[in-house]
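The structures considered in this document are given below.
Each of the two complexes below includes chain A, the first together with chain B, the second together with chain C.
On to the complex of A and B.
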C-alpha cells in the first residue's frame, strides 16, 4: 500500500478498517472462482458446455423462428377482443396512467428531498441512468412489442406515454408540500374513474382481455381485497373471541383451497348466491373470486406488519390516554402498514402470476390469447407454442422481476427488520 | 391525613363501558355476518329450487358421464368413484413431486452460494427465471413444447426395449406382482418398523456411550437383508415387467400419461425455485461464525454443510418449505389445463355434465382443505419441536 492511500483512508473516517479490495487478474480470478479443485473444474466444464448449448439453442430460436403469429395477434395479446375501432380508449387510458405514475414518482422524489432537508442527511437525486437500470426489463419488453408491430401508431403511442410520464414528473416534484398527499389521492381517484368509464365504454369490462386484463385484475383485485384483508387481520389480532374465531376461520379456509376452486365457484356458483335475475358478467365474477381469495393472504401480510410493531408503542399510546381506535389509527397502523409494503409487493407479484388462471374459466387474458392464436387456421398444429409461450413468459417475467427487485429495494430503504 | 379515602368506583354509562362494549361489538358483528350468511343461503336455496337442483348429495352415486384415461372410470361410473380416482391422481403427483422438488431445491439453494462463479450464476439464473413466471405457463410449455412433439403412439420411440416414449404416455420397465407379493409386502412393513427401532436404538447408544452410531448402515442393512431373504424364501414375489405396446393398448411396466409428466416437471421445477430461495435464505441466516468455526476445525466443505450449517438452517427452512409443499399440492389443480385427470378436472367435467355445481365445488374445496389443515397441524407440531429450548 502506498503512502498516499494510507493518507486518503485516514481522511475518510468511514473507510478506516474497511478491507482492501484486491483486484485479481483474469487468470487468477478463473483459478479461484472456476477451477479451484478438480471437481470444481469438472462442474465448470459441464455447466459451461451446457451454457454454450443453451445459448446456441436460444440464438437459433431467435433467428430462425417465424414470429408471424405474434405479429398478427399482437393486439389480441395486449387487449384481447377489444373492438378494434375503439382502441383509442385504452390508448388514452394508458397515457393517463403514465401521467399518474409520473406524478407519483415526482411526489415521491420531492418528499424524499424534503425529508433529507429536515433531517440534514445527504440527499442524492437518482439519476436517469439509475432509474433506467432499475426498470430496463420493462423498457426491453416495450421494445420487443414495438419490434413486432407493423404500423407506426404503436410507436407514437409509446412515445406519447413516455413523454406524458416524464413530463409530469417535474410537475409532481413541484407540487407544494401541503397539497401533495391530498392532490395525489384526488388525482388517483379521478384518473381511476376516468379510466374505468373510458375503457369500459363501448364494450363494458366483460369485453376486456389480453395483458390489459391481467393488469386490471391484479390492481383491482388487490385494491378491493385490501380493506377486507385489513379488517380480517385486525379481527385475527382482536381480543374479542367471536371476531377472532370468524377471521381465523375465513383466513384458514381460503388459504387452504386453490384459487382455481374459487374461480370455479365464481363462474358456476356465485350466481346462486345473488338474488334471482341478477347475473354479473364473467370479469365481475372472477374479480369477486380474486378479491375473496386475496383478502385472506393480505390479512396474513398485515398481521405480520401488526406483529412487527413493538408492544411498547401501544402502551405508550395508552399512557398518553389515546382511545383504542385512535391508538390503532394513529400509532399502530402507520408503523404496521409501512412494514408490510415489501410483502405487499410480493403479494402483488403472486397475484399477477395467478391472474393467468382465468384462462381455465374461459377468459382471454394474455395466456388465453396466446392459446387461441395457436388455434387459428393459419397457425394451427404447427407447434407454435414454442414461440407464443416464451413471449407471454417474458411479459410476466419482466413484471415480476422488476417488482421483486423494487420490493427488495424498498425493504432495504425502509429498514424492515432492522432496528 | 390518616383517614383512608374509600370511594365507590363509579361505572361509566353503558355506552362507554368497555365490558358492555366488548359484548355488544361481538353480538353485533355476529348478527351482521349471520344476516349476510342467511341472505346468501336463502338466495342459494331459492335459486336452486327455481332451477330444479336438489340440495343433497345423492348425485354422488349417479353416473359421472365422462371417462378417465388411464383408469377404469367410464361414463357410467359413479361420481364418487371418479372423484376418488381424481384424488389418487393428485396424490400420484404429490408423492413423486415433493421428494423431487426438495432435492432440486436444496441443491440449487446450496449452488447459489457456491464459490464456483459459474455454478452460482447458473443457479441464480434458474431461480430468477422460473420464480417469476406463472406456473400455469410453465405447465403449458412443458406440455405443448415438451410432451406433444414426442413421437406419435403409432410409431413410438423405444429405448432398448426398456422404455416406450410417445406423446400420449411414457412407460418404463417396472415390476409386477407375482405369487406371494402380499406376504412380501407385510414382511417389508414389519422390517421397516424394526429398522426404525434399530435406528432409535443406535441413536440411544450413541447418545449414552458416544460410540459411533452407524445408524444408516444398521437400518438399511437390516431392510436389505430382510428383503433379500424374503425374496428368496418366497421364490420371487415380483418379477420384471417390460412395457409392451400392442396397437394403441399398453400393458406392463410403469407408465404415466403425457399430462402427468408435463405437470410433474413443470411444478417440480417451479416449486423447487421457491424452495431454493428458502434454502439460500436459511443458510445465510446461520451466523457466519459457525462456518468460520467449522473451517477452523478443518472440516471439509461437505462436512461443514452436513454437520454444521444445514442442521441449523433446517430449523429456519422447514416451516416455509412446507408452505411451498402446500402450494405444490394446490397447484396440482392446474392439471385441468393439460387434461390431467386430477380431482379438480374431474369435478369440473362432472359439473359440465350437469352434476350440481354448489355441492361439487364444496366437495372439491373440502378435499383440499382437509389436506391443507392436516399439513398445517403437522407444521405447528413440528415448529414447536424444532424451537430452540432456551440456551444459556
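On to the complex of A and C.
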C-alpha cells in the first residue's frame, strides 16, 4: 500500500471503518497456522508425513504398475460382454445421449436467462472454463480411459460425443420459449426409445455389462421407481384407510429387506409369479427388483417433501376454489419435489453404487468385469486387484462426486428469488 | 349505511339483500368449543369488521364461511348456496368468496402474475391471455403492476399482501374475507394494504374483515362485531361501538387497546 493510498483511506470516513486485510508472509503464515503450539507442530508433522507417504505411494503406483490388465479389458469394463463387432451400437447411443445432454443444458441455460430477464435478478452465463471446472472429474476419467486405449477409435468416439454435446447446446438455447418443455420431453422419449432399440439390438439387454450396465440400471431404475414412489407417498397420506394401509405395508416391508435379498428374489422367485411362457431375462428381473426397492425409499423422500409444504399453501389454494388434485399438482407437488432434491440425489448416488450388487446374481457389471479380468489366464493370481479396483473406484467416485455437486448447484439455483 | 344499531337484536340483521347468513353456528376443536351459537347476517356491499381478543374465535368464524374449518352445528349460507358436506357446494362457495390471510400464503414457486392467473385459468377456465390482462389491471389497482414478473420472495410484505388481494379478486368473488391482513406487516407497510382495502370497500365489495386496526373499523365498517370467548358479544355501528358500547366486556377490551 503506497503512502498516498493510506492518506486517502484515512480521509475517507467509510474506508477507514473497513476491515484491513493483513497478508502474512509464507513464514509467518506457516507459524500462525501450522506451528503455533507444540501439539500443532506435532499434528502438522504427522499428517504431513502421511500425506507425503501417500503421495509417494500413488506416484510409484502410477509409474511402476502394469496397466496391461486394464488395456486388454477396457471394453469388458465399459460394456461387458457386448459383441465386439456390434460396438457401433453403444457408440451411436453415446453420441445421441451427448446430443440430448447438450440440448438439455442449452434449454436450461436459455430458461435461466429468460427468468433472470423477467425477474430482474442477476444472471451470469457460465463460461466454458466454469463448465470445465464443474465437470473436470468426468473429463479426467475420460482422459484416463483414453490413455488406456490401444486404438485410435475411442479417441474419435470421445471427440464425436464432445462435438455432438457442445454442438447441440446452442440448438437447445435457441429453442423458442413456448416449445421448450414440450420439445425436451418429446426429444427425451425419442432418444430413450432409439437408445433402447439400438443398444439392445445386438444382444438383447441381457447381454449388457460393464459400466454401461451400472449406468443403465441406475437411470432406468430411478425413472421407473419415481412415479411408483410418488404414488406410494400420496397413498400414504391419503384419507382412504385401505389405500393408506397398503402403501404403508408396502413401504415398510420393502424398507425392511436388504436389496441383495430382493435381487436374489428377482432372479429366483419372480418367475413363480409370472405367467408361464413369460420368462424375462436377468437384467429385466434385476430392474424389477431395483424398481420395487427404490420406489419405497423414494416414497419416503417424497413424503418428507410433501410435509415440508406449509399448510397455508393448501389453504390458499382451497380458498381460491382449486380442486384437491389441482392443488396437489399445481401448488403442493412443485414445492415438495423441489425440497426433495438433496435427498433424491442422495438416493440416486446410493443406487448408483448399489448397482454393483448385481455381481451377486452373476452379472458382469464394471465390478464383475474387474473380477473376471483378474480370473483370466494372463493375469491370474498376480495381485492385480490393486490395479483394477482403484479404476472401478475412480469410475464411481467421478459419478457420485459430480452428481452431488450438480445437485447442490441446482438446489441453489432453484432457491434464488423463490423463497 | 345501516341504522344506528342501538338495539342489539336488530343489529345482527343486515340491511339490503343478505349474502351471508350464519344461524346457530357451533364449532368444536376436540373438546374445546371455539364458537357458540353464532348468528349473523351480512348484506350485499356491507363491510363488517370483526374485532376481539386473540382466541376469541374471529378467525375461526370467517374460516367456517369458506369451509377451511367445518362447523359442527347450525347452518351457513353464502349467496344461494347452503354449506354442506357436498364437495361441489364447498367448491362453489369457495369460488364466490375470496380470502386474504395474515401470512399472505402466496405461492412462492410462481411469479406474481402466475399467482394471480392460476385460479381463473384452472377453476374458471379462462384463456391465458385474457387472464393475464385481468391480472395486470388488478395489479394496477393495487398499485404494483411493475412487479408482475417477479417472485413473491422478491417483494416486501406490503406488496405481497397486495398481490394476495389481487389474487383473490381475480376470481371475481362476491364476498371477500380478510383474516388479520395487516398483522404480519411492518408498521410502514400497513397503510398501503389498508388503502387498497378502503378502496375496495368504497367500490362496493362485500367484506368481512378480522383486524386489530381500529382506525380502519371506524372509517370503513358498516357494522363492528365484537367477539369474545367464541361468542358474539356486541354488534353495532362504529359510532355506537366506539363511543357508547353497552357490554362490560366490550368496554374492557376497548379500554385495553385504545
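Convention: the second predicted complex is superposed on the first by the 393 of 419 C-alpha atoms of A that agree within 3 Å, B and C clash if a C-alpha of one lies under 4 Å from a C-alpha of the other, contacts with A are read in each partner's own complex, and residues count from 1 in each chain.
Following the convention adopted for this analysis, a residue touches a chain if its C-beta (ideal position, glycine included) is under 8 Å from a C-beta of that chain, and two chains touch if they have at least 3 such contacts.
Just so it is clear, the model here is predicted, and its values are computed rather than measured.
Within the superposed three-chain model, A:326 lies in touch with chain C and out of touch with chain B [touch as defined at top].
In the superposed pair of complexes, A:111 makes contact with neither chain B nor chain C. Using the contact criterion defined above for the overlaid structures, shared-chain residue A:120 touches chain C, although it does not reach chain B.
The partner of chain A that touches more of its residues, comparing chain B with chain C, is B. When both complexes are overlaid on chain A, the residue A:257 reaches chain B alone and has no touch with chain C.
After overlaying the two complexes on the shared chain, residue contacts for A:276 are found with chain B alone; chain C is out of touch. By the document's definition of touching, of the two partners only chain B reaches A:48; chain C does not.
Touch criterion met: A:315 reaches chain C, while chain B stays clear of it. Common to the chain B and chain C interfaces on chain A is no residue.
Across the complex, chain C meets chain A through its residues 66, 68, 91, 94-95, 97-99, 101, 103, 105-109, 111, 118-119, 122-123, 149-151, 153-154, 164, 167-168, 171. Against chain A, in their complex, chain B makes its touches with residues 22, 25-27, 29-30, 33, 40, 43-44, 46-48, 50, 115-119, 122, 128-129, 131-137, 140-141, 144-145, 148-149, 330-331, 333-334, 336-337, 344, 347-348, 351, 357-358, 361, 364-365, 368-369, 371-373, 376. The touching residues of chain A, counted against chain B in their complex, run 33-34, 36, 40, 43-44, 47-48, 50-51, 240-243, 246, 252-253, 255-261, 264-265, 268-269, 271-276, 349, 353-354, 356-357, 359-360, 367, 371, 374, 383, 385-386, 389-390, 392-393, 396-397, 400-401, 404. Those residues of chain A that touch chain C in the complex are listed here as 118-121, 310, 312-313, 315-323, 326, 330-331, 334-335, 338, 417-419.
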